[in-house]
């Protein structure tokens, strides 16, 4: 495993804007506080979620869209640089009225409400293409 | 998005009491350490979980009860003031023996075991009614 | 509820090794940074996951294995001492291409990629057998 000790530069609580995009809001927060690296957690509610799954054999993402209102039961991820811009790598667990849980890499979703905790780090994280997995990884 | 930089006032690990209520235990922890704002994560096991889903069209919560033993695979949330008292906004992902995941806003559940990390903040968070969503939101 | 204020001794970001075991990698990270206590969060992708569910009536874990590639939508847990060694108590929510979520106590899984945030604490955590639940608990 590769690892790095990090120093925190700040800690933030945010309330995402209703009707905005969930991931874009987190990236805007990172830009607003000048963060090139960070770790976040969030809960809330969304609609119309694009959830990605990585097909490990084909080395390609597959997408499924849930065009419905959903709870965001858990959302975890991190902020890094990707191709010169801020990228919030966002995974989430969503749920339906029945309690059924759906999950994966969250590409996009329309916010009803979102409560976010972001911790930023001094050391930048930069994503680069990794041959072994086909993914853009940091460290 | 609205956000606030926060300063941490403390960090706590807690073990929830067997047979107590999951959310009440987290609120008791916040009271015990005089926290008016905080962010928590938890894992554990419960039984008889009341899981809520927000009906975005009707602006009302719907409830479903799972009267069975469940793992708490992931629990995230935050502590704020609501109507003059401490409120732990608690989302959770639960699971059955088959591995099936259930998730949503966790109103109540009976603790078997619970391991909690709570980080408290100096700046109070106060929930107030938000017209646009029908929810009680902070910031 | 029992609790303890903790002082952080460090904060780390790690990238887990492709083809290694998910939980062993987290335990190796804890050993590498000399942590006897910590809290972690992670996201990533795995295959062949052994997911455990605690049968509360029988006081025994039940295991189910998913021999397939899965997203790690959310992973939370903590590092403590158990029987003289480092143990990473690891819960996770996994997902399939359909978005279906699976969850529980994650005993083992083969890493494709894993991004971990670990926060370590000065005060050691030691797990001991708890008669009431049949589990090994700290505090």
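In this document, chain identifiers A, B and C correspond to the written order of the chains, with residue numbering beginning at 1 in each.
In the analysis below, a residue touches a chain if its C-beta (ideal position, glycine included) is under 8 Å from a C-beta of that chain, and two chains touch if they have at least 3 such contacts.
The shown structure was predicted, so the numbers you read here are calculated from the model rather than taken from an experiment.
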{"item": "Topology of the chain contact graph, where touching chains are joined (line, ring, star, complete, other)", "value": "complete"}
{"item": "Chain C against chain A, contact positions shared by both copies (same if over half, else different)", "value": "different"}
{"item": "Inter-copy rotation, chain B to chain C, in degrees (Cα atoms; steps of 5)", "value": "120"}
{"item": "CA centroid of chain A to CA centroid of chain C, Å", "value": "21"}
{"item": "Residue numbers of chain A (touch at least two other chains)", "value": "41, 74-76, 93, 101, 103"}
{"item": "Footprint of chain C on chain B - complex, ascending", "value": "10-18, 20, 25, 28-29, 32-33, 41-43, 45, 47, 69, 71-76, 93-101, 103, 112-113, 115-117"}
{"item": "Touching residues (chain side chain C, partner chain B) in the complex", "value": "1-8, 37, 39, 41, 51, 53-57, 62, 64, 66, 74-78, 89, 91-93, 101-105, 121, 125, 130, 132-133, 135, 137-139"}
